[in-house]
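These are the structures, in structure tokens.
Look for chain A in each of the two complexes below; its partner is chain B in the first and chain C in the second.
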Partner chain A sequence: MPGLRLENLSKRFGKTVAVDSLDLEIRDGEIMTLLGPSGCGKTTTLRCIAGLLTPDEGEIYLGDERVTDLPPERRGVGLVFQNYALWPHMTVYDNLAFGLQLRRVARAEIQRRVSEALAMVRLSGFEERYPRQLSGGQQQRVALARALVIEPKLLLLDEPLSNLDAQLREEMRFEIRELQKNLGITSVYVTHDQAEALVLSDRIAILHEGRLVQVGSPAEIYNRPGNRFVAGFIGLTSFVEGTIVRQDAAKGYVVVRTRDGLELCARSDVLQTGQEVTVAIRPEHIELYPEEPAVRPAETNFLSGRVLRGAYLGDVVDYRIQVGEWILRAHAGTGAILKPDQEVFLTIAPDRITLIAV
Partner chain B sequence: MTLIRQYLKALWRGRRLLIYTFLLCFALLIYLPFLMIALKSIGRGWFGRLWLPPELTLDWYKWAIEVTNIPEITKNTLIIAGLAVGMATLIGIPTGWAFGRYRIPGKELLMAMILLPRMIPPIAYALGVAQIFYRLHLINTHFGVALAHVAVCAPYAILVLSATFEGLDERVLEAASVCGASPLRTFLHVVVPLILPGILSSMIFTFTTSYNEFTLTLMTYGKDTVTLPVRTYIAMGEGYWEVTSAMSILLVIPSLLVLFLIQRQVAPEKLVGGFKGV
Partner chain C sequence: MAEVTAKARRGRGGGFLPFLLLLPAVGLMLALYAYPFVSSIYRSFLGSKGALSVANYAKVRELYWRDVFFSLEISVLSTALAALVSIALAAYLRLSTGWFARFIGAIYRFPIFIPFVVVAQMMRTFLAPHGLLNIFLAQIGLVNIDAPLELLNWKGLTFGFVWKQAPFMALIVLSGFEMVDDTFIEAARSVGARLPQVIVRILIPMSRASISVALILAFTSTVGTFTLPYMLIGGQVPTTVTVDIAHRVTYFGDYGVANALGTLSYLMVLALAIYYLRYTVRKGIYEYQEG
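== the complex of A and B ==
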């Protein structure tokens, strides 16, 4: 049984298509992230799931139940807002108890569940505070507890961490992930922050201009981006364009030649000679040598280039290197810093190169 | 040069004293007239030449209440203020909602037009109101006087309420409906508590505006709709300054009560209270 299923979901605002025939299935107990730049339709999708927006087309199934036409109050989902949206005139206790009172839960049971939920987000003893007396992080945890205390079938989180400072954000990622796993609650998490998505998702769905671009585990998305948009959006990537000129079927390698004669060897079982491809290379997969190595490593791509500039990032130096007519970004250790205009030699393992058919 | 510098230095050293002197003058400017009236209303044979009245008395208050029929006039004033507050609030809630929550083309211009009756000289405005009211036979009716007051009360109400409604976060309402609250429950348990302080402060402002309104009342009142400010003005013409002072003091009391309400109002949760039980 799926936790949540979206079928052919579409939503338009005037002439702009916010969500364009989206098909997505979220497994029971799984946390899925909807990831994309602003305006990609991720929040619109979430609001459709919550019932705050009515889709123009398509169906939404929660478990086996079709909920497309249900108003939000009858869907039984929990929603955490970006700005927390706590009720400012109610204490923390009342904020949590409200949903239970609406469900006509007995008073003693309400007390038990509220204190349980507060303990879960480590806010026991804050019952009588008003939201304005809490810090941003505490408010966010109250919002999370409020969404969870009604024991929803589905937990929706709309960029819940983007109003917090960097350190707290990192902490909360793990906290949310752990809570979600412990409770085993099916969750949809919306964010534009790829690091957040990589850390807390079971699977990531990448959206671009209202369309679903790729769904996969964080590792799949990172290591095998399905198209140029995904490769560019997740992590840093340099792109080189060329055509496959040879293939070695036995070893599963192909050779890509660019229009300026650069040849790159990459692993691919599916692409054929003559296919035009975009080559995506991550900066951490390029090895830099200031001098030509005496022994060239076997079975690897060997290139030479010229340093354009380097940016010192603390743990690594981020170089831009001109290779032929292409600019590659490479990360190298901070031991020996390369100077602009210096000649440099690069190796890239074929396994680390991603080919995207054009 | 050194003289000026020494002078400035001395000033700087005495800055605390200077500030207190300035504040005292300022306070006197505001409170001295009030003090004069208060003393006048309880003194006999005092014409301001002595520091304090030679003899204290409450006779002027008795006079004011007996001779000028204060209960009747207070009743008029309160009925008119009540009607004006009611009408201004009824106009203010939907208008404020529209201004605060929707994107309206030409919003600034519309707001300026609403504020216009407060911008032009009240006496000129009142003159126009009086001419229309004579034709419509609204002069000397509680409703008529209150209606004239609405012209200056409603802009306040609209201004305060549109700010209140603008501050009402849509997501807070959405949070309630996702949490399981029907639109009615959301309205009762979230919308009402959150906008009530705004509505109350709008009502307090419009009440004091109507209660103290003089010019518009002067041009629209009749013998059955004399209000406290107008009666005070008439008493002044009659030449009994002590009685006029006593009436002024009586006029102040409800305003003080309202001021007290506003002070409490600053802490909304005290006024509204938490949500207890469904």
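== the complex of A and C ==
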């Protein structure tokens, strides 16, 4: 399967810049998720790749072939929509066979490929049903089979799970991932759901206001966000502003002091003393102690604070804790629930703190 | 027990009230539509002495049989051509976004608001032996002006009907096309469909209800139009049933034959009306089941 390359892609709607000079490469057989909030340009990018929109600038290459000006029907791209877009006047069989009939595939071959595609999405025996006779999950699987049966060079999925209920959505994430890996088809997946992106993707491209802000594996994006937007968009994050006041080059640590005198030690090999930084801390990386520990853990940040409030989330309690002038969110087990105004002690491993240069 | 009876009485009164409220509308419908309709059919079976007879139909068979088929043929041909034009126009307006499409979208409705009598006058000027069309064709060398195209016949009549009905049909068809979500079209294009295939395989089947309504309304209107055939082909043989009806009433005061001709017109549209009613009823039940 060929990869996909976007070079300096831009798309404007009037004065609004929907996609701004986007450079992105999607490797052969990889599933790349375009992730971002509404209006970040992810769907516009996908529509440009599909040929449903013409970019104002830039080029699109599918493998070595330049497809920027090709109409959608000549790109060999399979497309799955949020609303499934199954043609209601056709049976499941006809929905799948349509693309093959357009390619003048022999009838026996069409039957074989439709059967195979339906088996692949576990819907054998549903050939004669109409879309209205299927559940949402089944319709989405038919839509996936319809996109795959034409053996596209590239699979594009535009928020395909958004209309499904939470449980089905979670099941389908794994199904899509497994199917994509089995077929080895290069895929672009658009979503605003970070959990979906983390589960499904080989790599994630984060878009914000039409620009690409970070590309990386789910773990890289989660653990090493490149800027404050990414840190805030993926997962829960607390932010603290400060300046690097000391560094230990041998150990690769720096110390950040906030304007209210709070000091935090973090790992960084690149940032220098005097650099203003944003400190990003995930709630699950904070350990909470209701009482001051007799022995403070070595080589870790030790802070004290006051519980503002806690929200019970089932498996954890999400606390907001006032530390100096900063509010940190921390997740703790549900064993002993802390009360508002209670004094609490926190430890944060330096390795778990992300520093973002301002 | 007494309370239950009182409630039941109130219930019966409440049940009757809607019918009372509907009575004026139903009364008007019966007086203005049903009575003349039934009466004209009944009178078509009355002979000169007031007895039941098929004499009027025998006269229609003898004098106007060719016109009955001519009316049917013209109506079917005009409606079919108008349907093709309207579907092409609606598809263009649905799938195009350029300035020309917007311009066409703004002006295509104008013929709907022009009365048939004005259309007829325009067509006479346009299609006459020395009318605008023949003069234009002569100027570009396609026609000898001394032997112009004869268009004040079934051809001109068909042209007039199509010119008048196609925009009206396009309005209905386009509303159907507009209801087809873009993603259905995009999905078709992504699996390889070119625009003609999108129109034929996706847009038209998904807008079958709108197209059916447009066909039925245009056909019914065409069958019943008097002014356009009267002013374009008048008393030529063959002519339309509506011209014959006017002729029988105006020159002979013969309402019996006129009613028989009218009844045959009803029959022409009856088949379509039955289809339309069955289709809408079935659609209603289907939608109910879906809900």
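Here is the rule we go by: the second predicted complex is superposed on the first by the 356 of 358 C-alpha atoms of A that agree within 3 Å, B and C clash if a C-alpha of one lies under 4 Å from a C-alpha of the other, contacts with A are read in each partner's own complex, and residues count from 1 in each chain.
Rule of thumb we're sticking to: a residue touches a chain if its C-beta (ideal position, glycine included) is under 8 Å from a C-beta of that chain, and two chains touch if they have at least 3 such contacts.
Source: prediction; values computed, not measured.
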- Item | chain A as common anchor, with chain B and chain C clashing or fitting | clash
- Using the touch definition from the top, say if A:P297 reaches chain B (first), chain C (second), both or neither. neither
- Task: Identify the partner contact of A:P37: answer first if only chain B is touched, second if only chain C is, both if each is, neither if none is.
- Result: neither
- Message: Output check: A:G125 vs chain B and chain C. Expected answer is one of first, second, both, neither. What do you get?
- Response: neither
- Which of the two partners, first being chain B and second being chain C, lies in contact with A:G184: first, second, both, or neither? neither
- Is A:G136 in contact with chain B, with chain C, with both, or with neither (first, second, both, neither)? neither
- Item | First (chain B), second (chain C), both or neither touched by A:H89 | both
- Message: For A:L79, using the defined touch cut-off, is the partner it touches chain B, chain C, both, or neither? Pick first, second, both or neither.
- Response: both
- chain B clashes with which stretch of chain C: 96-104, 150-158 or 204-212? 204-212
- Message: Show me the chain A residues, by the header's touch rule, that chain B contacts in one structure and chain C contacts in the other.
- Response: 50-52, 71-75, 77-79, 81, 83, 85-89, 98-99, 102-103, 146, 150
- What part of chain A is in contact with chain B in the complex they form? 50-52, 71-79, 81, 83, 85-91, 94, 98-99, 101-104, 130, 146, 150
- Message: Help me check something: in the complex, which residues belonging to chain C touch chain A?
- Response: 181, 183-184, 186-194, 197, 201-202, 205-206, 208, 290
- Task: In the complex, go through chain B and note every residue touching chain A.
- Result: 169, 171-172, 174-182, 185, 189-190, 193-194, 268-269, 272, 274-278
- Query: What residues on chain A touch chain C, complex-wise?
  - Reply: 50-52, 71-75, 77-79, 81, 83, 85-89, 98-99, 102-103, 132, 143, 146-147, 150
